[in-house]
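Across the two complexes that follow, subunit A remains constant while its partner is subunit B and subsequently subunit C.
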Partner chain A sequence: MKIGFPRALYYFDYYPFWAGFFYNLDIELVTSEPTHRGIMESGLKMAHDETCLPVKLLAGHINSLKDVDYIFLPRMVSVEEKTYLCPKFLGIPESVSAAVDGDIPVITVTINWREGQNQVLKALEAFGLKLGKGKAMIRNAFQEALKWQTMYGELRRSGEDFEESLDLCEKSFTILPRETSLKLAKTNQYKVCENREPRPGIALVGHAYLVNERYANLDLVNKLRANVDLKLIEETETKAVENSLKGLRKKMFWSQAKKILGAGYSYVDDETVDGVIYLSCFGCGMDSVSQDMLARRARKAHKPYMVITLDEHSGEAGLVTRIEAFVDMIVRRIENESNLSAYGKCLDNN
Partner chain B sequence: MKVTFPHMGNVWIIIKTLFEMLNVEVIVPPLTSKKTLDLGTKISPESACLPFKINLGNYIEAAQEGADTIAITGGIGPCRFGYYGELQRQILKDAGYSYEAVILEPPDGSIPGLLKRIRYLAGNHNSWGRIMKTIYFAYQKSVAIDRVEDLIHAARPRLENKPATELLYQKALASLVSVTSYRGLEEVVRSVQQEIAERQAVQNYQSGSGSDPLRIGIVGEIYTILDPFSSADIEKQLGFLGAEVDRSIYLSGWVGKHVFQGLAKGYRSMKSYPRLAKPYLGHFVGGHGQETVGSAVKFAQKGYDGIIQILPLTCMPEIVAAGILPRIQEACNIPVMTLTVDEHTGNAGIQTRLEAFVDLLERSNCLRKKVPKELVSLERMC
Partner chain C sequence: MSYFLGADVGSVSTNLVLIDADNKVKEALYLRTKGQPMQAIQKGIKMLRTRIGLKAQIMGVGTTGSARQLAATLLGADVIKNEITAHAVAASRLYPQVRTILEIGGQDSKIIILRDGIVVDFAMNTVCAAGTGSFLDQQAARLGLPIGEFASLAVKADNPVRIAGRCSVFAESDMIHKQQLGHSLPDIVAGLCQAMVRNYLNNIGKNKRILGPILFQGGVAANPGIHRAFENELGQEITIPEHFSVMGALGAAYLAQEKVGLTAKPTHFRGLEMAESSFQAGSFDCSGCANNCEIIRIKQNEEILAQWGDRCGKWSGNIGKEEDNKAAGHK
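Now for the complex of A and B:
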């Protein structure tokens, strides 16, 4: 049996879990190819006009999945206690498959950690039984899947980039012994050239499905890495994220916003971070709240802050100009300790 | 302490009653206008939804009249409305308004925490018994308002003198504002009922009874369907175009579900919606997304002529529903139109679309009645 997994949306956060789960159930999981023009265009045509870019991409990826027996679209309601994922995640099996309307049947399972691990396991058991697998096998697969997800998290925190982490994570459970791959990860780490002058530190925050979606974000991560020391949410310790959220009067109820906001707040207070970039997409409801809160905090702390809003019309030249301007501004700010005159002559020495 | 709250259609009547009967000073913000929206839009995040911007405008206008405390409901997601109270408090603070925001929700699920907040708003001079009694009366008032609204919905397309109908509605609302007894509520509703019946009798006598009007179901996001300002007064416009409207959510239904946790049914219960939605959307998606789908199915089953969905731009649950409505349109053979509103929405644009939609429904209605079956099948063969 072959199950298709679209390379969009939850792929960027939870693929290791599902890869581990299906690997241990002896089911072949096929992902769609990385986003390219054709996928994006078909997605734009099929998905509802007003939905956000990532969901449109998802529609394109579902459409591009061929030669599989089923398409797997989990309903990820919640991945931890007392939080939800975006409402659009909750309706994906119905709303997106309605848009695509292919011949391949869709299978789904509801994952809701709000009700505890037992309920998640129960849902997965019912799901696995339908696929003709035994209970013991499903339980084992679930435990293994959690290990895959943890491993992936560790690799990301060690500084490994997204694609490499996924690859290493998979290898470490299938081919390589685990220790070797962790070691591999450390040698592969992105390094700052030591002979060059120190570069500004910039933190990039945003949803994983935007930050890691290289086609849609016009390879923003690598563009930034060429000029600055880049920090990503995935590389930040969970503890730092949780600590910086303690001052909130009301707890955030979205997991993704919690991560973004927590990491964002910690970057604002972090002296090695010279500026924060928020990568958002048009029409994101969650970002309208978290982006505004982070902007307020950054303004109070006088931390340079920029929002990049992606949509299907984002152009490369515009993006590059904005990044250059932002980085230039930060470099000047470092050199002149923000003692720039607000009027009159430029104090720039060079 | 001077309490204020955001507008949402006729909700102000109920909240005003609630606080006044508890002897708490309350400031009703000036009715929402273009100016309100402009004020709110200026300090709102760009991609926040329309209700958020109107709310902020309401607070600013209320602050000019001396309000210092906001009472607003909350939530724990996944709709972003749950976080609005807190975000609005921060925004107002940064903009220089010294507001305290009391979010009426159990903080972290703690009921004593909620009671403490209610106590803070109600002050120490009210007993719990009195608070509960007043809340129940306010709820009954919301039922009365819903009944009046429903009568007016039916009267608009049927009565020829349109301005007189609107006057009747406004008068009924005005008298509902000051009513403080259950009997008073009943009387207002009955007088509206009587007045409409009388006018219809006169009209029938003069020009004979007209044909049945089109029936259109309005579904969508609760704020935009309850608040006439945000939806360009769509119910009135449709009424004038000769369509009888019904909507998926009535205020008392919402209060019954969320405040009384289903113990009170409300004028229109929302109970059946999740069950009806199940074949199309098997899980709740926050906000009223599932209710939108369920009520669309209900309207289709009841033989309505068309369905209009209203949502504020970027509303997450309603976008999910909007993606599913075409399936209902196909399965139940009922035209569905989706209207998105934001701060740039113009009345003329909406009016044109409504006229086109009503024309379309009327035509398909005529065709269904007049065109003989054979002709239709012949056309298909070509």
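Now for the complex of A and C:
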């Protein structure tokens, strides 16, 4: 049996879990190709006009999956206690499969960690039974899947790139001994040459499915890495995220926004971060809240802050202009700071 | 005489500025790009040459604007900078005290916040072109007025009408509606100016502390109606620099001077003769992978000067004689 998994949306956060789950159920998982022009265009044509770019991309990816027995679209309601995922995630099996007409049947399972691990396991058991697998096998697959996801998180925190992490994570459970792949991760880590002059530190925050989606974001991560020392939310410890959100009057309701805002707040206070960039896209309800909250915090701390909004026809020129101007601003600021001692004082008065 | 050249090639205008050794503006040209940036640049260089003579020496070249890469290829630039830095450099050289720059150009509008001569914050409009020069151009054309006349109309208004400025499509239908009700043209144009300024301050100026001295630059600063609406809205005097329409080019010239002065390297400038060279621009779809990138190629005779538009670097990293490229296995 072959199951198709679209390389979009939850792929960028939770693929290791699902890859581990299906691997241990002895089911072949086929992912769609990385986004290219054809996928994007078919997605734009099919998806509902008012939805956001990532959901449109999902439609394109579903459409590009051929030669599989089923297409798997999980309904990810919640991935941790007391938070929900984006409402669009909740309705995906219906909303997106309505937009994409194809002959391949869609299978789904509801994942809701708000109800606790037992409920998640129960849902997965029912799902696995339908696929003809035994209960013991499903339980084991669930435990293994959690390990895959944890391993992926560790790799990201060690500074490993997104694609490399996915690759290494998969290998470490399938072919390589665990220790070898961890060692590999350490040698592969992105490092700055030591003899280079110091570069500005910039943190890039935003949804994983925008930051790691290289086609749609015009390879923003590598464009930035060419000029700055880049920090990503995946590299930030969960503890730091939670600590920096302690002052909020109300808990963040959405888990993605919690991660983005928590990491964002910690960057605002971090002296090694000279500026924060928020990558967002049109039509994101969550970002409309967290983007502004982060803007206010950054402004209070006089930390340079910029929002980049993606849409389907993002011209490269506009993006490059903004990045260049932002980096220039920070570099000129740093150069000036070392000449002018009264700089910080002046700034605070204004 | 020796000069530094700055070129700002934007969507609507192509501006060239020459500064002399004393940082004085020697020549400033404001030309319409008319969708043909290459021709506009060559035309501009021809005009400059007749004014300064062939003996004049260009010590360095800087380019900016949305076609800065194209301009840099044609001219042989020493420094290529984004518009925000270029505008900020020009403004802070001329007015060291400036703390806010309002800039409205053909297709984009920006706000730049400076403190002690350093950019501390900026914002640019998103893809929407509402509230930029090209919208004003369109409206003037719709009323059958030259843009200069359109601009001066607003000052004659007694009672500006209220127009929705959130979106230029809605603004247009609002204007037509008001016009059919019988409001006078000056009142409508003045209302439009106010709506544009409101929209600018709500979008671009959101979350920014706009403190004086304020400069207003870019092509739209020629419009007294917008200038007045800004002053009313912000409640303070706003200065329009003498060379408001070519500040980007001026900034690029200053940056070229900085760069060449620092490195003491000879300029890459192709020479004033470039006005006569024939450049060919072409594009094609690369079929190397599923992305089908549109590649732009600039050639001079048989030599490829520059290529861009690819995501992988296969073309942009490969310039020189076309024969060599063929030998290397490319098209």
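To be clear about the criterion, the second predicted complex is superposed on the first by the 337 of 350 C-alpha atoms of A that agree within 3 Å, B and C clash if a C-alpha of one lies under 4 Å from a C-alpha of the other, contacts with A are read in each partner's own complex, and residues count from 1 in each chain.
In the analysis below, a residue touches a chain if its C-beta (ideal position, glycine included) is under 8 Å from a C-beta of that chain, and two chains touch if they have at least 3 such contacts.
Treat the numbers as computed from the prediction; the structure is a model and nothing was measured.
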Clash or fit (per the criteria above) of subunit B with subunit C on subunit A: fit
Subunit B versus subunit C as contact partner of A:Lys251, first or second or both or neither: first
First, second, both or neither for A:Met329, with subunit B first and subunit C second: second
Degrees between the directions from subunit A toward subunit B and toward subunit C, using C-alpha centres, nearest 10: 80
First (subunit B), second (subunit C), both or neither touched by A:Ala317: second
Subunit B versus subunit C as contact partner of A:Asp26, first or second or both or neither: neither
Touching partner for A:Thr110 - first (subunit B), second (subunit C), both, neither: first
Touched partner set for A:Val96, first subunit B, second subunit C, both or neither: first
Partner chain(s) touched by A:His36 [first = subunit B, second = subunit C, both, neither]: second
Smallest separation of CA atoms, subunit C relative to subunit B, angstrom: 5
Overlapping contact positions on subunit A, where the subunit C interface meets the subunit B interface: 296
Complex interface listing, subunit A residues touching subunit C: 33, 36-38, 215, 218-219, 295-296, 299, 302, 304-305, 309, 311, 313-314, 317-318, 320-322, 324-326, 328-329, 332-333, 336, 340, 343, 346-347, 350
Subunit A residues within the subunit B interface of the complex: 47-48, 50-51, 75, 77, 82-88, 90-91, 93-96, 98-99, 110, 248-254, 282-289, 291-293, 296
Residue numbers on subunit C that touch subunit A, as the complex places them: 66, 81-85, 99, 115-122, 124, 126-127, 207, 209, 211, 289-292, 311
Subunit A-facing residues of subunit B, complex: 45-49, 74, 76-80, 82-83, 85-87, 89-91, 94, 103, 107-108, 280-287, 289, 313-317, 319-324, 326-327, 340
